[in-house]
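Paired with subunit B in one complex and with subunit C in the other, subunit A is shared by the two complexes that follow.
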Partner chain A sequence: MNVLEYVADRWDRLSLQAFLHVSAVVQCTVLAALLGVAIGVAVYRSPAGSALATALASTILTIPSFALLALLIPVFGLGADTTVIALVLYALLPIVRNTIVGLGGVDPAVSDAARGIGMSRFGVLTRVELRLAWPAILAGMRVATQMLMGIAVIAAYAKGPGLGSEVFSGLANAGSANSMNQALTGTIGVVVLALLLDGVYVLVNRFTVSRGVRG
Partner chain B sequence: MTAGRIQFWAQPAAVLLIVGGVLVWVFSGELTATERSTLNATSLLTALKDHLLMTVVVTAIVVAVAVPAGIVATRPWARFLAPVFLAVANVGQAAPALGVLVLWFLITGASGGLWVAALPLAFYSLLPVLRNTIVGIHQVDPSLVDAGRGIGMSASGVLWRVELPLAVPLILAGLRTSLVLAVGTATFGLFVNAGGFGLLIDTGYKLNLMKVLVTGSALAAGLALLVDWAGAVMEHRFGPKGVR
Partner chain C sequence: MAEKGIEIRLDHVTKRYAGQKAAAVDDFSMVVPAGQVVVFVGPSGCGKTTTMRMINRLIEPTSGTITIGGEDALKIDPDDLRRRVGYAIQQAGLFPHFTVAQNIGIVPGLLGWDKKRTADRVDEMMDLVGLDPGEFAGRFPRQLSGGQQQRVGVARALAADPPVLLMDEPFGAVDPITRGHLQDELLRLQNELRKTIVFVTHDFDEAVKLGDKIAVLGDRSTILQYATPDAILANPADDTVAGFVGAGASLKALTLTRVRDVELGHAVTARADADPSTVDLGAEKWLLVLDRRDRPVRWATQNELRRASSLASIGRPVQDSVTLQSTLRDALEAMVNEGGRAVVTGSRGEYVGTLDLTTVTDVVQQLRANS
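Coming up: the complex of A and B.
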């Protein structure tokens, strides 16, 4: 049986795993974006706070994914909780960093003008600064999504959802007829899905970045 | 203080705290016989040796492949190769490391070992050094290259004594990133019989020995943070003085 026959034969299960993989990564990216933008907004005005937040997030990213996942197992058990926490933690760095850079890059004259026409501090943040920083934040989310697609493969070790279980079955069945098909499906599947998601980001960028900023 | 400065001081402290704390916690209590068979100096040192060996071999392959490839891709007669090399390295990084590792393991006959682990992990860790070598040489001011040629240096003389020294800071930054990728993905070594701290994690997980699992994770995390820190020191120390 070659790979294509294998995929066609197991389409029901594989399409579900593919869906769960993408769904976990997208949900974790959105969660990380909410958290990361909140952190970025909280610290971007203080250089020390920005440095501390970036250093912390960068340290998390240095920890091997397998080690972090394993550390979470005794606390949160096997399955979705552990996967979500690990993925959200890994997605933080690019989002926090880009939020800080994006908000810091807003021309102070623009914020002053917004205050000057009577907008509240909150209004300036949500209606001026965050909109101007949005392309940078979106770029951070894009990087995070690409990273999570790969890390989510390892989550299958802790019984997390997704295509990683194909890779692990291929490993466990080494020598059997379908082991190569399973490993190939899992690996190539993740690469293809990552490319598709990247395409979605291009569209999101096209439709959510305000026309004046797009240039 | 920049984020880099904070990490420079806080990271070794965090390593000491995590690794020391876990080791004290594990070895202060009574260990069962099964726990003792994994949590002893010999097996911990073996795991450390395997893990470090994998990291060093992967990094050596990365440097041996990516730096020459980057140099070739910036020569005027081979410029067309740069996008090809970058595309290959991009595929390597975009593919999930574990998937590539398992595929290579199956292709090579499912026997495993250090070299079976090293090649796919090097493929995965290639991009940072390759990209930074190309960018590093490209960003050298062309007038400096011209000046070098003008005072009578040969093309290879300019490469060795002008272009490469000026590209070193960027190459080292790429090397640090590759090192961190290598030490992190080396935790997967156990899946292809290459050992490393991943083996402790897996043993603890399979036999439900939480102390073994936590020790393996903490040591793997500690080593990665330490390697990243060593990379920062290396970047600082070995960049050419005139460029700093």
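Coming up: the complex of A and C.
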């Protein structure tokens, strides 16, 4: 059986796993974006706070994903919880960093004018500063998503959902019938899905970034 | 319909920034009269911006009181206050992600105007500042020139028809020619609108041109002199002010002297329908030809006169003339354009005299002797 026949044969299971994989990554990216933007907003005015938040988020990223999962499993057990926590933590760095950079890059004259003509602080943040930082935040989310697509494979180790289980069981049963097909399908599937998601980001960027600030 | 200006009063206002020993603004008291343009001018860092920004409470005064139209500004909610005070700054500070129309419509939006009223107002404002709504409404700030951006900035500041306008070096970042145009436009607008305007600039010439009154500020925003432009030009309060008025004071004073205030010279004149042979130039080099209603039309030389059979198309046309109301600076410009004497006309355009360079230099010398 070649890879294509294998995929056709197991389409039901594979498509479900592909869906779960993408769904976990997208949900975790969104969750990380909410958290990351909140953190960015909280710290961007203070250089020390910004440095601290960025340093913490980078530290998380230096922990190998297997090690992080091994640390989380005893606390949160096997399954979705551990996977979600790990993925969100990894996604934080690019989003927090880009939020801080994006907000910090807003021309002070623009924020000043916004306040000067009578926008509330909240209005200045949501209608002006975050809107102007949005391309940077979106770029951070894009990087995070790409990263999570790969890390989510590893999360199968913690019995997380997705194509990782294909890769793992393929590798675990190396030599047996179809094990190669299984591992290949999982890997190629992740790459294809990552490319598709990247295309989605291009579209989101088109529709949510004002023409006035698009590059 | 436009709301006229109201008085602004600052009373013993002091601002001390956290962690600084000296106050940035020290015991500042001033009345900005309703409907007038007051220009703050002074060296960099003297506290102009700080003083202005306390009026709309972008900066909270450390002590003192500020009233706007009799109302205590410190008791008004800051956001409400700022929606009622127009604010325009250098680089315009336009929102890059909003179109021109959205930028201008933002304060009416904050004030809860309905869509239709806001849209009408945006069009009106764009017309007012000389931007064609059809062409510019949908553009983004980055698609505008610097001068156009400043116009949008002014339109945005005026959109909700505030009685008070604060302008911090609004024309500081554009080239001198555009700056001149923007100043002219502001004067034209102000003629119609009669807002109370506080205008900050480094440029004393700009202050002379725009100000009904000028406040020359020194360190810690101390008022060195607060008077009309001519009073300051004629009588600088001290050496610092004189230094600020600058070496060009005499030239600047020319903008304050009118043609009607100086003695005019006279050219030899003749009607266009006169017989050339009857005209005697005497020692004069030039003949000024007038039309039937005594309006100056052409200049001709001795030689041209000798060869001419009619005066109607002799010599070259008068290009530029000034009226009795013009400033001596305008007259000087006309002289440069005409390459010599400027023709002065009366209210119906009739010839009343000429003005030459010696007259202007005499005036300059006199002004210098007086101050």
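Simple rule for what comes next: the second predicted complex is superposed on the first by the 214 of 215 C-alpha atoms of A that agree within 3 Å, B and C clash if a C-alpha of one lies under 4 Å from a C-alpha of the other, contacts with A are read in each partner's own complex, and residues count from 1 in each chain.
To be clear about the criterion, a residue touches a chain if its C-beta (ideal position, glycine included) is under 8 Å from a C-beta of that chain, and two chains touch if they have at least 3 such contacts.
Note that the structure is a prediction, hence the values are computed from the model and not measured.
When both complexes are superposed on subunit A, subunit B and subunit C sit side by side without a clash. When the shared chain is aligned, no partner comes close enough to touch A:Q17: not subunit B, not subunit C. More residues of subunit A are touched by B (comparison of subunit B with subunit C).
In the superposed pair of complexes, A:A67 makes contact with subunit B only, with no contact to subunit C.
Residue contacts after overlaying the shared chain place A:A48 against subunit B, while subunit C stays out of touching range. Of the two partner chains, subunit B is the only one that A:G175 touches; subunit C does not reach it. Contacts of A:S165 after superposition on the shared chain: neither subunit B nor subunit C is touched. Taking the Cα centre of subunit A as vertex, the centres of subunit B and subunit C in the superposed model span 110°, given to the nearest 10.
In the superposition on chain A, A:T145 makes contact with neither subunit B nor subunit C. Smallest inter-chain Cα distance, subunit B versus subunit C, after superposition on the shared chain: 21 Å.
Comparing the two complexes, no residue of subunit A contacts subunit B in one case and subunit C in the other.
Listing the residues of subunit C that touch subunit A in their complex gives 56, 58, 79-84, 86-87, 89-99, 106-107, 110, 140-142, 153, 156-157, 166. The touching residues of subunit B, when paired with subunit A in their complex, are 1-7, 10-11, 14, 91, 94-100, 102-103, 105-107, 110, 180, 183-188, 191, 197-198, 201, 204-205, 210, 213-214, 216-218, 220-221, 224-225, 228.
Interface residues of subunit A, counted against subunit B in their complex, comprise 48, 50-52, 54-55, 58-59, 62-68, 70-71, 73-74, 146, 149-150, 153-154, 157, 164, 167, 170-171, 174-175, 179-180, 183-184, 186-187, 190-191, 194. The touching residues of subunit A, counted against subunit C in their complex, run 107, 109-110, 112-120, 123, 128, 131-132, 210-213.
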